[in-house]
Every structure is written in structure tokens, then in C-alpha cells.
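Below are structures written as C-alpha cells.
Okay, so chain A shows up in both of these, paired with chain B first and chain C after.
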Partner chain A sequence: MRRAPWVPLLYIGPAAAVMAVACLFPLISALQLGFYDWSMGTPWAEARWVGIDAFVAAFRDPAVWRSLVTTLIFAAVCVTAEMLLGIALALALEGDLRAMAFFRTLFILPMMIAPIAVGLTWRYLFDAQFGLLNALLGVLGAAPVAWLAQENTAFIAIVIADIWQWTPFVFIMMIAGLANVDTAVLEAARIDGATWWQTTRRVKLPMVMHVIAITLLMRLIDAFRVLEVIYILTFGGPGDSTEILSLHIYKTAFVGQRLGSAAAISVLLLVVVATLSWGALKLSNPLKEGDRA
Partner chain B sequence: MKRRTLIQTASGGALGMLAAGWPLPGRTQDRYAKYRGQTVVMSIPSHPHYDAMLKLLPDFTKQTGIKVETDRLAMARMKDKQLLEMSKPSGDYDLVCYVVMWKGEYVKKNLVRDLDPFLKNPALADPDYDFKDLVPRYVENIGLVGGPKGYLAGPGARLYGLPYGAETSILAYRRDLFAKHNLKPPETYEQFERLLPEVRQKTGLGALTSRGQAGHQCVHAWLLHLNPLGGKIFDDKWKPRFNDAVGVKALKFLKLISDTGPVGIPGFGQGEMITSFLQGQAAMYLDSSLIFGQVKNPSVSKVVDQVSYVVHPRGVRYASQSGGLGLAIPKNAKNADAAFLLLQWLTSKAQDKAVVRIGGVPTRTSTLADREMVTLYPEFITLRQQIEYSDPDWRPIIAEWDEINIQALGVAVSEALTGKKTAEEALNGMVPKVTDIMKRGGYLKA
Partner chain C sequence: MKRHPAAVGAHYGALVVLGLICITPIVVMFATSLKLQTQIFDTGLNLLFAPTLQNYRDVLGEGSFARYLTNSLVVGIVSTVITLALGCMAAYGLARFRFRGRTAVAYTTLLLRTVPLAVLAVPVFMLWSRAGLINSLPGLVLLYVAVNLPFTIWLLYGFVLQVPVEMEEAAAIDGCGPVRVFYRVVLPLIKPGLAAAAIFTFRIAWNEFILALVLTDRATRTLPVAASLYITDIGVDWGKIMALGSLIAIPPLIFTFIAARQIITGLTAGAVKG
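Showing the complex of A and B:
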């Protein structure tokens, strides 16, 4: 039976429309806001049209570029570490070993904790006077470290907190991906005499490359949006050494009350994230049939 | 309603009021009667003074029949929520607690109400309120907008809020340690500068605790020393002068505090700063008078009976902090009159003493002079003197201050504290940014 051409549209249309509105409306609003000078708490009618001034100012502002560099380094370090650790953990715990369910549950707990709580927890752990880390250093006879009071250690602190919270996400995705690897292929590799390392490198990982790509993509996007943990841990300091772009946008919008400028910087962030996402999808795009192993 | 039920309800209410010690007929009853059953929604911070206030609210409801709901948020997140609520045609808040720095912005954006009409309304105002008894420096600093510079008392100033949780800076020191090592608390900044390394060396503890985290916290710490040393952020024509010799000297002094203080000051917020002193990691504390109640609380303090207070040392002048919290009624409040009644009740003489008894801070001169209160808090004697030195122009409370405070000076001061830049480099480097902000705000010619 021949299907009318409008039937797929009827099925897909409503969902596509909702998605379009949900995704595009905030985006267009942000873009529109970038052309106005508007402060929260004042009527929109009083917003002043400033054209592309906010975008030009964002490009010229050295604080924005410093913040972008910090964000790129933060994202690169965190996502690389999380991907490596998450994949390694998944490979270690993918089998049917005893107590594996317990470890799997244990490893995903950090991801379930609210970011504000994560920030507070790590702030106490890194506390220079009463924190657990310095207490451990004290046991070893080392002097206390002012973790959040020095640029390098503060950056390490926010990286550790992010890795602690989000490695479990990579772990879950990889566990799911590895569970779907065809056992016949693995069996064939084993019969051919492949070692564990060869099987992992040449069979398993290529077969889950689309999962890796999607996980990488999601983590990249999230790493650019992280806000609460850094807000609580360092508030972007010392100086502006841990002020990643999302925190800079937050401060511009809610401290400086320059919502137009914040929107303009958000558009810049969107461009960066979109470019990186495109790069990640080039690695292995699960939406393309041909890319699938 | 049956006649018997009505009589029972009426007599029950009257008995209840008598039991609560509330004067019955006439003015008091009339003032609240119209609003009985209404609910006042308050936006409050997580803050020791407001924690104490929460314990008083059931009494208010019992006495007036007006219910109170509170929305308690971290101080840093409170403003975003308040701005959102107050910019709606009809907001959820009837009474908002605000930090002094926000008063100019809230008035400029027409978000809060002038309190004069309420205070002059005989149907609402308590004739025994005694407005003049409110500490005048607190009222000026927290409540007045529109006067000289936009935030000082004088021609054009109008009252938009009342102090509730107001504070000034005071020097607390460990009496036991100072006696043991034969040390004297400083009276001047010269003595202070010499004392810091000496305390560190003799006691082995951090000399003075301080805030230092990037943003508002480190700027607050710097302002504590900038003002007594004779500095200001702007000159009389709103041109930045914070990078002059005094500004640099104050920042170098803060760096000395960081170097001789408990480990980690450049990462300290207000919480860490206070905890450090309360837990015996620092020998001195120079910050908000809010500390009185906490020092006496054994559940948070290890130094309960070991602390004495002196006035904030003198530089070229006495100039202690003026700041803290106040209460205002939003323009879009649904129950503005009931909110005013709550505001008036909380800041009344009786309730001011009541909140102090349970760990809050005083707002009234009569509380500071009250014999029972002084017995409970002998430090009120020093506080009375300190308030006289409280500088209402301690920081420029203009709408642009938050941005200057957090995004400009908050970065510069922090960079100097960590040693990334010298005090001169850090402050000079922020002059163009602050100048731009002031041009944008219309204070300087573009």
C-alpha cells in the first residue's frame, strides 16, 4: 500500500515543532537580547537598542578571552581525564564478576549529587584549615596547602571536583556500550589468539566508537556549561584564574546587570561549543549509518 | 456562624491576647484586625540574625493573627530571585531583606516603596515606635536613598528600608593569648602593622583572620583598611582614586594580614574567616560586629570566654564599616500594609531586645544602652563607641557598585593577595575598567 507523503509529517511534525520551539526560542531570545542594553528588574520597554555593540565589546574584552582560554584548558583536562578514567573503569568492571553491581552503583553515586552539594563538599575537603586533604597531609608530616588560595592549586581543585562528579557518566555510557558488543566477534578474536589488550584496542573500542563520540560530545558541552561547583568552590578566583566562561556570563548578567552583554558572550560560547561538537562528531557520527562499525 | 460560637471565638481571642501580654482594646487591636489571616511572604538570607528572627515569628502571628512565610536563600543567590520577583506585575514577596549595596539599584529601578507614607499612616504606625531610637548611622546607611551622592543623609534623601541585621566593624582579640604573651591590642594602624608579625611569632597562630576570596569578599577586607587610612574609591567627581598611595598602602596591609594570618586567607569567604577565629586558629578578628553572638555560642565557638573587643584601630581617622542588612517592601507586594506591620514589629524596642537575647544584632540605641543587654553583652559598650565612627560613605552605594566590586576590584585585590601582581600593578590595571563602568553609568563623561 502506498503511503501518503504527509503521513510521516503528521507523525513527526508535533514532536519536531515542540523541539524547535523549545530549542530555538531561547536561542533566538538570547540573540535578540544581545542587541539590547537591558537590566533585570526594569521593564523591557525601557531596553535600549545598541546594535552589535555588545558583540563587539565581548570580542574586545580581554576578560572574555582570558575566560575562554581558562574554559578550553578546563574542558580539555577534565574531559580527557574523565574519558580515560571512565573507559578504563568500564573495561575493568564490564564482566560478570561478583560484587560488580555494588561497584557500579558506588561509582555512579557522585553523578547523582546536586552540583551545589558537590561544590560545598569539595570546599570543605579543600579547606586550608580544617579540610580532609590537609589533615591527610598533616599525617604525612607535610605543611598545609592553601588549595583554594593559589591559582594553580585552585585550578587543580576545580578539575578534581569535576572529574570526581562526571567520570561516572562516562563509565555508565561505556558500560552500556560494551554490553552491546557482539559476543560472537569477541569470541572470534579470542579463537584467533588475540590478547586482552588486542581485543580491547582492535575490537571492542572500535565497535563502541559511536558511544565514545556521543559521550565525548556530551561531556564537552557540559564542561563548557559547568557553573555551580566553581561558583561555590572559588567564585572564579584567585583573581580570575578559575573564571570559566559560564561563570563570566553569570557575573556579567547578574552582578553587572548587563544582560545584553551576557547574551552576546553566550553566543560566542555557543559558537565554540558548536565547533567542538562538530569536531567530536567527525570522529564518529552515530547518525551516519556508514560510520557504524 | 452561631451567636455562641462567635462569642466564644471573640472571648478566646481576647484571652489569648491577654496571655500574650498584648494590650487589648483600642489602637493595637485595630491596627492588626484588618489584616488578620493575611500571609506576609519574606525573602530572607541564611544569616545568624535572620536565623534568630525566625524564632520570633510565631509570636508575631500569635499576637496579630498575620501569618508569615519565609523564603530563605544563600545571600549570594537572594538578589537574583528578588529582582525576578520584584520585576513581575505582582510578586510573591511582601517584605525583602536586602544587603546595603543593593539599595540604590532597587530604588533606581523603582522596585521598593518609600516608607514615609506607612510611618505617617495613623492606622498602621505604632505611636510608641520611637523612630529616632533606631541607630541613626544604621538608618542612614541602610535606609536612605536620594541624598548627597545618592546614598547619604541630606537633602533629597528618602527612607526606603529599615536596618535589620546592620553591622559595623570591630576588633576582637584573644584576651587569654594577649595576656599570656604580654601583647596589647592595637589602637592605631602603625601599632597594628607592627603587631601582626609579633603575634604570629609569639602565639604560633594566625595573627588576624580576614576575608580574601576573589570578588566581594576580598574587596570588603581591603575597604576595612582603606577608609581608616584615608582612602576612598572615588574622588568628589566620581573619578577613580582607589589606586592612589593610600589605596596601595591599604592593599599592602591586607597582603601583610594574609601573610601573617591563618593559612588560606586568599580563599576565605566570610564563613571561613569567622570559623578560623572561633576555632582558635587566629588571635584577632576585624570585621562585622555580627560576631558577638557567635563567640558566645559553644556549639560553634571554642573561644567562648576568651574574647575581648576594642574599637577598629585609627589610621588617619576612625572609619569603621557601615553595612549589613535591611528590610524593604517591594512595589509589587500583595500585602504591603501587613508587611509594614511585621517590619514595624520586628524593629520595635521589645523585639529588638528579644532578637538580641537569642543571638541577633541590635538596631536600637535603647537596646545598646539597656542594662540587661549590656550585662548579657558587655561588648555593647565598645559597640556604642564604634558606631559613632561608622562611616556612611564607607563604600559608594551606587547601582554600579556590584559590578565594580566583584568584576573589577574583586579581581585586582585578589591578584595582589596571591602575589600574582604587586598592589600598584593590580590597582592601576583596574582603573580603565572602573572608568568605563562609571562612564556607562553616566557619572563620568563618555
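Showing the complex of A and C:
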């Protein structure tokens, strides 16, 4: 069909314009902002050009490195736990149960609730005095733990909150992936005498490897974007033991009032996320045409 | 192949346990919202208590609640409508048209979806301040639309691909112009996708906290930001904050129970079929 050349522009133009103005342009501005020393509350005209000082300072700043390490460990632990749990549970619990639809509804609740509500609830659950967890420990005869006041347990707390929120997501993705596995192949394996473990390891898992990869990358990228839950749960504390990069950027900009430095650190985070995303893109081949079997 | 009853029982049992794990924190939030300060401070595992609506009365009674609610609703609904409108057109354009720069647009759109919001907050704060968009609802809506478009386009793109091109060609042969083909043929066929996209977009706009915190003031504040204000240096007003949190959770809860299937389809569509 011959189309006037301006037709694509009509369809894609408005969306592209909005994304360019309010998303792409700010990102480029962040890069530019990193070259200035600008404090909040002062007029932009008074911002000082500092060249790459802020970038260099960010690279040298131990707080930034600590934050990066915290973020990497957080992402690694959460994603590993969520993937393992999600896949294991999906393998164990797949299959046609009539009530499955009802349970699936329950399982998507954690990710639909506002992240700050998630943060609030878990902050309450972990509370040293009134929290449910310490109450349960009391019932079991154990001493209460000052979850959010100690570095290690605070980190465990943010990990648990994230696992609670996102394992169901992995579970649902895996269930959907497993449901798409060709039953003829499974049946053939069964006839050949394969055990459950053999079938799972050699037939099922390879056939859902694509879903696993995409889910893994989605979780990994999202783990770097976590902010609101930790903001409410610990606000980076105690000290800066749970201060992941997103939160560090926020605090540098809006608590420390150093917008230039925050922008410089943002670029660092962006590079990490963009690299992961690029890998995810290549893997998922988004421009696949409608070549469904 | 009949399953052993014990296996089925264990299956159900496991699902029940998982279901309980999922809903317990949410139930705790609601339960705490119904407790008085004294009951909250009473340590120990008190599962039985006399519920009270005092926290809700306090939260709703605060003069500003109506304004925050209105702000949240306006921002949520307007950004959802605009995102859907722009998004379905862009998805259709990407799916059906070949043009120079198509790959670049597609890849950029997908990459934008992964941007951490904290990274956007800083430059947007600066740019919006200079553009006079700070502390305004349109400014917030503009940002939410931009942030939600990538995912919406990606989601709807998958649905558009599933519409057979032959149907559009048949309509064109029957005399429909390209716009009418889109409007009359394609849109009705991607309704499930539109529903899922609407739910996701509204949910993000409604729940969003950090950008709203940065870009709004007392007049334009949304509900999540208002909730965070109950956390002070002195302590947390648990009863009230849980009440507000519960109120904020109600629309997503309603969506979830009504449209669970659409939501799951939306989530898994891209990954699984591909």
C-alpha cells in the first residue's frame, strides 16, 4: 500500500515528541548539568562551570563506590533469590488447577500495590517494637531483633521486601512460559522413560530459556531502579548501609543540594543500566515481525 | 492421567501458603489502619482487637485530603488517557510502517523504559523550574506520559502485530482511508491490550512517589507524597499512615481483582510468545 511519507510521522510523531522532550532531553541535560556546580535555590545563572571536576569527584568519592557496591550486591542477591524461587515454585506448582486463576490474582497483588505502601508495611513489620516479625520471634521464644537499626539486618530487610514484591512476578512469567511448552515433546520424553528431573532439566528448562533470560534481565534492570521502597523502609540507613545508587543520587541532589554532583553520579548509573538494557534488547529482538507459529 | 489426591492436596496447600505470604503484609496494613495509637504501641502478637475508624476519620477530615485526592485522580486519569492515545498510534505506526529511523525509534523507546526515575528527577527538576512547569499538574502529567509511553508502546506493539494485515487491507479495499482503518478495524481488536496498558499506566501515575515528591508543592501534591509526610523525625504516625496507605491501595486492588487476567496477559505477552 502506497502511503504518503508524512503518515508515519502523524502516528509516531506525537509520542516521539513527548518522549524526546520529557525523557530524552532531560537525560542529555543531566550530562550537561554534571559539568556545573549548582546548588538548589540559587538561580541557574550563578551556576559555576567546573568541567569534569564533578565527574572525577564522583569517581573518587568513596560514598559513591560504597553505594555502587551496595546496589550491585542488592541486585545480585535479590535477582538470584527471585529467579531461583520463582522458577522452582513454577516447576513445582505448574499444571491445571481450577483455582489457579484465583491464586494468580493474589500473586500479582504485591507488585500492584504502591511501592511506598510496600515500604511502609515492611517498615512496620520490621519495627523493633511493634513489628510483626519481632512479635513472632517473641512467640517462638527468641529475642527481638533491631532489624532496621543494624546494618546487616537492615540490608536483609530491604532484600526481603524486594523478594516479597517480585518473586510472584517471576513465578507468573515462568508459569506462562511453561504453559507454552509443547506437550508433545514432554509426552515423548515420558514415553522414553525420562524421570521428572531429567524431563525438567533436559527438556523443559531449555525450552523456556528464552523466558528465563528475559525475566532475569527485566528483574536485573528493575533492581537498579528500586528507590521508593528503600526510601521509606530505611532511607539508606543505618548510616549509608542500604543507600543504593538511586537513593544516593536523590539524597545528593535534594538533601545535600548538590545538583551538579548528583547529575554526574546519575550518568554513572545510566551507563550501568543502559548496558544491561542493550543486552536485553539484543536478546529479545523487539522488532520481530508477526512470524508466530 | 489422574493425580494422586495427596499430591493435589499438597499442591493446593503450597498455593495457599504462597497466597497468604502475598497478602499478609497488605492485610497487616489494613489491620493497622484500624488500630488506635495505644493498640499499636501494645507490643506482642495481638491478632484480636476492636477495630476503629478513627484513623480514617482523621485522614479524611484533614482539609487537604480532598485536594490531594483530586490531584492524584486528575494526574492519573489524564496521563492514562494521553498515554493510551499517543501510545496506540505510535505502536501502530511502528508495527505497520517502514520508514527511515524506525529501528532507532524502536530501540530508543525501549531503552527509555529502563531509565531509573531518580536519574530523571534531577534534570527534570532543573528544566521544569526554568520552564515554569514546576509545582504544576500539567508538568507532572507531561512527565508521567513520557515515562509511561515506552512500556505502553511496547505492550501495544505486540497486540497490533497480532491483528492480521489482511483485515486492514480488506477494509482499505472497501474504501476506508488509513485513519479509519486504524480507528475502526485495529483499535477494537486490541482492546485487551488497551485495557492492560490503561491499568498499568494509571497504576504508575497513581502510585508514583519520587517524581511527584520533587515536582509538587502543597497545592499540587498527590496522595503518595502526602502519605510520606506522616514520617517525621519524631516518629511515624502509624495509624494514620496505614490508613492513607490503605486508601491509596484501593484502586490498584480493585483493578487487580477485576482485571487480573488482562494484567497477566499484558505482562507475559512480550516475553513468552517471542
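Assume the second predicted complex is superposed on the first by the 239 of 293 C-alpha atoms of A that agree within 3 Å, B and C clash if a C-alpha of one lies under 4 Å from a C-alpha of the other, contacts with A are read in each partner's own complex, and residues count from 1 in each chain.
Heads up, the rule we're going with is that a contact is a pair of C-beta atoms (placed from the backbone, for glycine too) under 8 Å apart; a residue touches a chain by one contact, two chains touch by 3 or more.
What you see is a predicted model; the values in this text were computed from it and never measured.
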Quiz item: Touching A:147, do we find chain B (first), chain C (second), both, or neither?
Solution: first
Quiz item: Touch check for A:35: first (chain B), second (chain C), both, or neither?
Solution: neither
Exercise. Check whether A:166 is in contact with chain B, with chain C, with both or with neither, and answer first, second, both or neither.
Key: neither
Practice problem: Count the residues of chain A touched by chain B and by chain C, then name the partner with the higher count. | Solution: C
Quiz prompt | Partner chain in contact with A:129 - chain B first, chain C second, else both or neither | solution = both
Practice problem: Give one of first, second, both or neither to describe whether A:259 is in contact with chain B, with chain C, with both, or with none. | Solution: second
Quiz item: What part of chain A is shared between its chain B contacts and its chain C contacts?
Solution: 129-130, 254
Practice problem: Over in the complex, which chain C residues touch chain A? Could you list them? | Solution: 8, 11-12, 14-15, 18-19, 21-23, 25-26, 28-29, 32, 40-41, 43-45, 86-87, 89-90, 92-94, 97, 99, 102-103, 105-127, 130, 142-143, 145-147, 149-150, 153-154, 157, 161-162, 165, 169, 172, 178, 182, 203, 206-207, 209-210, 214, 224, 227-228, 231, 236, 238, 241-242, 245-246, 248-249, 252-253, 255-257, 260-261, 263-264, 267-268, 270-274
Quiz item: Where on chain A does chain B make contact in their complex?
Solution: 39-43, 63, 127-130, 144, 146-151, 154, 234-240, 251-252, 254-258
Quiz prompt | Footprint of chain C on chain A - complex, ascending | solution = 1, 3, 5, 7-8, 10-12, 14-16, 18-19, 21-27, 29-30, 33, 38, 44, 89, 92-93, 95, 97, 99-101, 103-110, 112-118, 120-125, 129-130, 132, 134-136, 138-139, 164, 168-169, 172-173, 176-177, 180, 210-211, 214-215, 218, 221, 224-225, 227-228, 231-232, 245-247, 249-250, 253-254, 259, 262-263, 266, 269-270, 273-274, 276-278, 280-281, 284-290, 292
Self-check item: List of chain B residues in touch with chain A within their complex
Solution: 79-80, 83-84, 86-87, 105-106, 109, 111, 212-215, 217-218, 262-268, 272, 275-276, 279, 281, 399, 402-403, 406-407, 410-411, 414-415, 417-418, 420
